[in-house]
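For reference, the structure I am asking about is given below.
So that you can tell them apart, the chains are marked A, B, C, D and E in the order they are listed, and the count of residues begins at 1 in each.
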Amino acid sequence: MLKINNLSVFYGGIHALKGVSLNVEQGQIVSIIGSNGAGKSTLINSISGIVKYKEGEIFYKGEKLSKQAHKIVKSGICQVPEGRIIFANLTVMENLRMGSFLRSDTNGIDKDLNRIFDLFPILKEREKQVAGTLSGGEQQMLAMGRGLMSNPDLILLDEPSLGLAPLLINTIFDIIIEINNMGKTILLVEQNAFKALSIADYAYVLEQGIITMEGNANELIKNEKIKEAYLGKKNVDFISV
Amino acid sequence: MNVLSLNNVTKRFGGLTAVDNVSFHIEQGEIFGLIGPNGAGKTTIFNLITAIYSITEGEIYFNDKKLQRKKPYEIANMGVTRTFQNIRLFKKLTAYENVLTACHKSADYNIFSSIMRIGKFKLQERYLKNKTDGLLKLMGLWDYKDIVASNLPYGLQRKLEIARALALDPKLLLLDEPAAGMNPEETIQLMELIKEIRNKFDLTVLIIEHHMDLIMGVCDRIFVLNFGIPLALGTPKEIQENKKVIEAYLGKEEKTYAED
Amino acid sequence: MSWDYVSGILILSGINLMTVLGLSLLTGFTGLFSFGHAGFMAIGAYMASSMTMKYGIPFFIALLIGGVSAMLVSLVIGKLTLNLKGDYFCIATLGFGEATRLILDNVQYFGGARGLSSIPTQGTTTLFNVIIINIVAVFVLVSIIRSRHGRNMVAIREEELAAQTIGIDVFKYKMMALAISALYAGISGGLLAHYLGYIQPIMFKMVKSTELTIIVIFGGLGSVSGSVIGTILLTFLPEILRSFYNWRLVIYGAAVILIMITRPQGLMGGKEFSIKSIIKSAKKFINFVRQRIGNKKEEVKS
Amino acid sequence: MSELFLQQIINGLSIGSVYALMAVGYSLVYSIMNFSNFAHGGVIMIGAYIGYFSLTFLKVPFFIAFVLSAFGSGILAVVMEKIVYRPLRKRNAPFLYFIISAMGASIFLENVVIASPIGPTFRSYPTVFSSEPIMLGSVALGRIDLLMFVISAISLMVLVYIIEKTKIGLSIRATSYSIKGSTLMGVNVDKVIFIIFVLGGLLAGLAGMLFGMRYTVYPQIGNITTKSFIAAVFGGLGSLPGAVIGSVLLGLIETMVSGYLSSQYRDLIAFALLILVLVVKPTGLMGKTTEDKA
Amino acid sequence: GGSGTPKASGDTIKIGWIGSLTGDQAVWGTCESNTVKMLIEEVNAKGGLLGKQVEGIYYDTKGDAAEAVNAVKRLITQDDVVAIIGPNASGQAISISAVLEQYKVPDIATVATNPKVTVGDDGKVKPYNFRVCFIDPYQGAVAAGYACDKLGLKNAAILYDVASDYSQGFTEFFEKTFIEKGGKIVAKEGFKEGDVDFRPQLSKIKDAKPDLILMPYYYKEVALSANQARDLGINATLIGGDGWPSEQLMEMAAKSIEGSYVVNHLDFNDPEVKPLQEAYRAKYNLPMELNGYMAHDAFKLLEAAIIDASSADPEKITESLTKVTVEGVTGTIKLSEEDHNPVGKQAAIVKIENADYIFQEKYGLQ
């Protein structure tokens, strides 16, 4: 469904992605893990057209992907960005409406809206609150909801669990699975590598702009190196995460 | 002695009561956790302590001095400083400049001596530079010192915020989700770092986090908030076993999807 | 070009530079945008010239009195308006500038709209004096910027809330920046008055303020050397274009746009022009050349 | 109520509606680009000239001249956006650069007209309809004033409808907060900004034509926009109803000050009032004040 | 004699002009420079001056005093002009004195009416500043005298531009004379340059029931304020100064200013003025502004002085400027040695009738 060949991105002199290739099959959940500054967000942003790449190609559904952000959304790819980037000046409801900006099927929109309110009841409660004053976690939920409103085929999630309470993290991952079960393909960037790997079909490890490892998620999760670097080996004194 | 005391603090936004009659006391040298579901009012409490919001009801004391009607900078000068949940660095300045700026309180030369460049100025400026170097090294940011803050990866930006806060030689440090955006390994490292900082700088720390391994691993006591209302207070062990906390916040047990 | 003509333009550059330097601190380093500095210039101009004309006070002291008067007024204005944000502050300063002019227009003691003439020009605003004053002004400004006080101002420009939480008294530092910029503008006004020998409220219109602000941004926000270079360039540009008759402002306008869109950081882009940086870039260049040569040699070898 | 007082109220309202007509276009650009478009006055001026030449040279009917002037200004506004602002936008330049570019553009437009064969002369519109005021007792009510009032009101309502109630309006507001965010929602930001400038330009054209009819045409006519900028700030920047309320208030204040206090110190008193309002309410009358969330 | 085309700079006489070609005074500046250009062409066509071709150099001042100083320095030191004509505003004319004195080059101001243009505060005449127009005190006093003595109007209202030195000066001297003659100022209202709406002030004036309104400012504002006054139902007689006369004014406000009186420098319908008017219109397809007539007289005066000095030396020209007498379109021009102002120049009182400037009489005080 999504195929990236040899992608390179520069920020001025900084070489953020150095020839990244990756493949996402229809209906899969694919995870990307890597430490701070590895280039995960850069990768996601290049797919979305926010960051312009110098070299490499991106194919989507067999065709070359446009480089213009709004056309990319139109073709069915939607990003839930890192740090939420909700519209702080709009109300919760308006934010969600913005999510469905490119859609015109009123019925479908209403249906999705209700589903999102089922998933995140707090959003329904705060329908008219200005989004900028929501708490961090509420904003993250709003960002997810807004992303879903565009009814995309491929969803790019950049650290969706960021700043969420443990209970909610579980919910979010449940929701990700649910969305996936509805037939949507998901490319997931997560710091919470354990969780990410546990729900993914396939995973890539990104280090300093290079893919250093890839494989089936349930294999990677057992990999010693990965355990050490990303899963927090000492992380045994407490059960969660 | 109590470093920080909240007595029956309430904050309302229009009809919404974000913080509802909350009281707690933090002792000197403690690492005190503040947890609770999203929207519980944790950040609001930080904003009340640092006077970014005005308090609706109740009182906050720092070292027995009342904090009401003080300006944010006055509170900072008393020794209370913080980091932000939505990072607020000086975006276009380098990591080094961010910290150096925050060191300003360690010098007291006035504007005329900076024009005359007299001895005191030079001496103090050198001190500020050394201090900045030390802080950057301590936080593991030395290699990034010349990078503009907004270009740093998310995790390092958080560390830089902590470094900047430490530059004030605070007595009480408020950390709002310092580990957000860090992977578990980095989170553990941060935990060690917080302990180290506490000991080295003789600090009291109030910390908000959703990473339970960090909270449980580092806090002496934890206060749990739910919908603005106090839910529990206790040691990590007590909190982990508290039914109400599990139900409202922690969740029953670890779910695994590997088998799905 | 005749020296007298050029020196005249240089004096004018120097006069403008005084205000621009102050504005650079206010706008470039503290992030406040003013449309009213012509008002401070006017205060300085009228105070300084009445000192020399009516009380026979020596020129330099009169200049200082002019500057200090502008600064005192700025304290009042600042007290009222410095809590305002962005464009709101900008409008408040615009209001101040226009109000100052209006008062001067109506006050017959200062000659009203018909102005004040016979201000002594001999041995007052000479090129030498202007250069000396500007050197001192630059030195003072750079010293402030390179101290904790300057860094605090930059912090305010970057992120006010964070500046507060690291213990910066935002209001005080804004006030400081405004007061210093008003002092500079006041001195600049005094210089102008003693250069022309005649002042009139209409010389201190809003366009004057905006022209000066354009220079600051043209030179690059947060760069003192940018302000200096920008001032000289933008004072000379209209002179060079003089023979273009009434097309020259068309070209001037187009040039401003062109610089903004091609060099969006302004001329100096927040960097400073210094001996050090020249040496640095020279070294870089030499290294680059060396590497190139080295590479070539290697290529030849292989 | 004395007749003088009534007359002054009418004067104030009519001056206010002039400011309003400009302030709305101004505020519109501000609301999305977050900078004050100082070139708006220049576009108004060009609009006034287009109207003038349509009536005198092309000798088209009044209504057609109106349309030509609106569209001409609309096109000019869009072209300016392309040349002057887009490159800055693409580079995420801070708002100061936009302001300076706008000033450059405004200097350029004014002087291009002066230097061109059009020249600096004042030109008066041919009489389109009777300029005789409607007399209510001895209180005079101008016909163009009435027209301006109506056009200001209608354009405000149309704009508020577009911004508050339509999808494109929603995307405009979203884009004003975060360009990245709305891009990710599939909004073509260039298109949104295009629409904003078209709307702003159309309004400028209307304003220019009405101005020309009322006050004659000359290259500096756009300078009155400074007043409408002040009015927009008064009312709360970015708020369209605020811009209108601010304009009407400013008109009334100026009139009342001239009429009852001192016309010599009119602007001084008006500015003092403005600063007073801002001291009490730092975001203008209709501007939202929310506690900044940290 | 007359070799025709100029070769080197030594073969031409250079004359400078400064004034506003941009900014809100551009209308007047443009007309002045156009006139000077036209006259230079005429002179050159007739073989030039002293056998040399004349070259004009024109610089814009943006209406700014500092710019004027630069422009004059450039004219003198770079372009080697022998004399300068302009500028059209007093502020600039006063600011350039020091430069003129430094280089000893004369300047003839066109419509700079502030007394300080030619005479310093110490009462001494400035050696290199001259002018061909009469001054504010004179104009103001004439208007007051004529209104009081000839028209018998005793209750005056004044609307003036607070930010304009011209308007303020005019007002000041009008007020003084008018009160001396037993008149009463019933209202005095101000506006600020750039304003386009005067109804608040006019409404107040209307309430004071004056029988005359003095409008001492330029014709754009005159047209707007006159129209607005009539719209408000004010019937008082309007009186103005040399800021008024223009064909544009007629186009903009003929009906409203019908019956008004203007203190002018000349009679537009004087047959001797017609050729100049027509030549200008033919060349530029524009009506001539008042400034054009003044520039014309300034140029003629300069021409006469150069011929009288039979030299293109600036100092000699300066000496001759107060010696020669020329018949200008605005009357006989002879500059006084004491104050460098034209002597005995009487104002032309013009009444507006049937959309035309109808000459009434030459009028001077006493």
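As a convention for this text, contacts are C-beta pairs under 8 Å (C-beta built on N, C-alpha and C of every residue); 3 or more make two chains touch, one makes a residue touch a chain.
Because the structure is a prediction, the values reported are computed rather than measured.
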Query raised in the report: Across the interfaces A-D and B-C, which one involves more C-beta pairs in contact?
Result: B-C
Requested in this report: Select the chain at the greatest separation from subunit C, using centres from the mean of Cα atoms.
Outcome: A
Query raised in the report: Cα centroid separation between subunit B and subunit C, in whole Å?
Result: 40
Query raised in the report: Roughly how many whole angstrom separate the Cα centroids of subunit D and subunit E?
Result: 36
Query raised in the report: Any idea how many Å lie between the Cα centroids of subunit C and subunit D?
Result: 30
Query raised in the report: How big is the gap, in whole Å, between where the Cα atoms of subunit A centre and where those of subunit C centre?
Result: 48
Report task. Please list all residues of subunit B that touch 2 or more other chains. Result -> 13, 43, 50, 52, 84-86, 88
Query - Contacts with 2+ other chains: residues of subunit A - result: 133
Report task. Find every residue in subunit E that makes contact with two or more other chains and list them. Result -> 21-22, 26, 30, 162, 190, 192
Query - Residues on subunit B engaged by subunit C in the complex (per definition of touch) - result: 50, 52, 71-73, 76-77, 81-82, 84, 88-93, 97, 100-105, 107, 109, 111, 114-115, 117, 121, 125, 128, 164-165, 167-168
Query raised in the report: What residues of subunit A sit close enough to touch subunit D in their complex?
Result: 48-50, 68-70, 73-74, 78-79, 81, 85-90, 94-95, 97-99, 101-102, 130, 132-133, 146, 150
Report summary line: Note: in the complex, subunit D contacts subunit A through residues 167, 170-171, 173-174, 176-178, 180-189, 290, 293
Query raised in the report: Can you name the residues of subunit C that touch subunit B in the complex?
Result: 139-140, 143-144, 146-152, 154-155, 158-159, 161-170, 176, 270
Report task. Note which residues of subunit C are touching subunit E in the complex, please. Result -> 1-2, 4-5, 8-9, 12, 101-102, 105-106, 112-115, 117-118, 121, 192, 195-198, 200-203, 238-239, 242, 245-246, 248-249
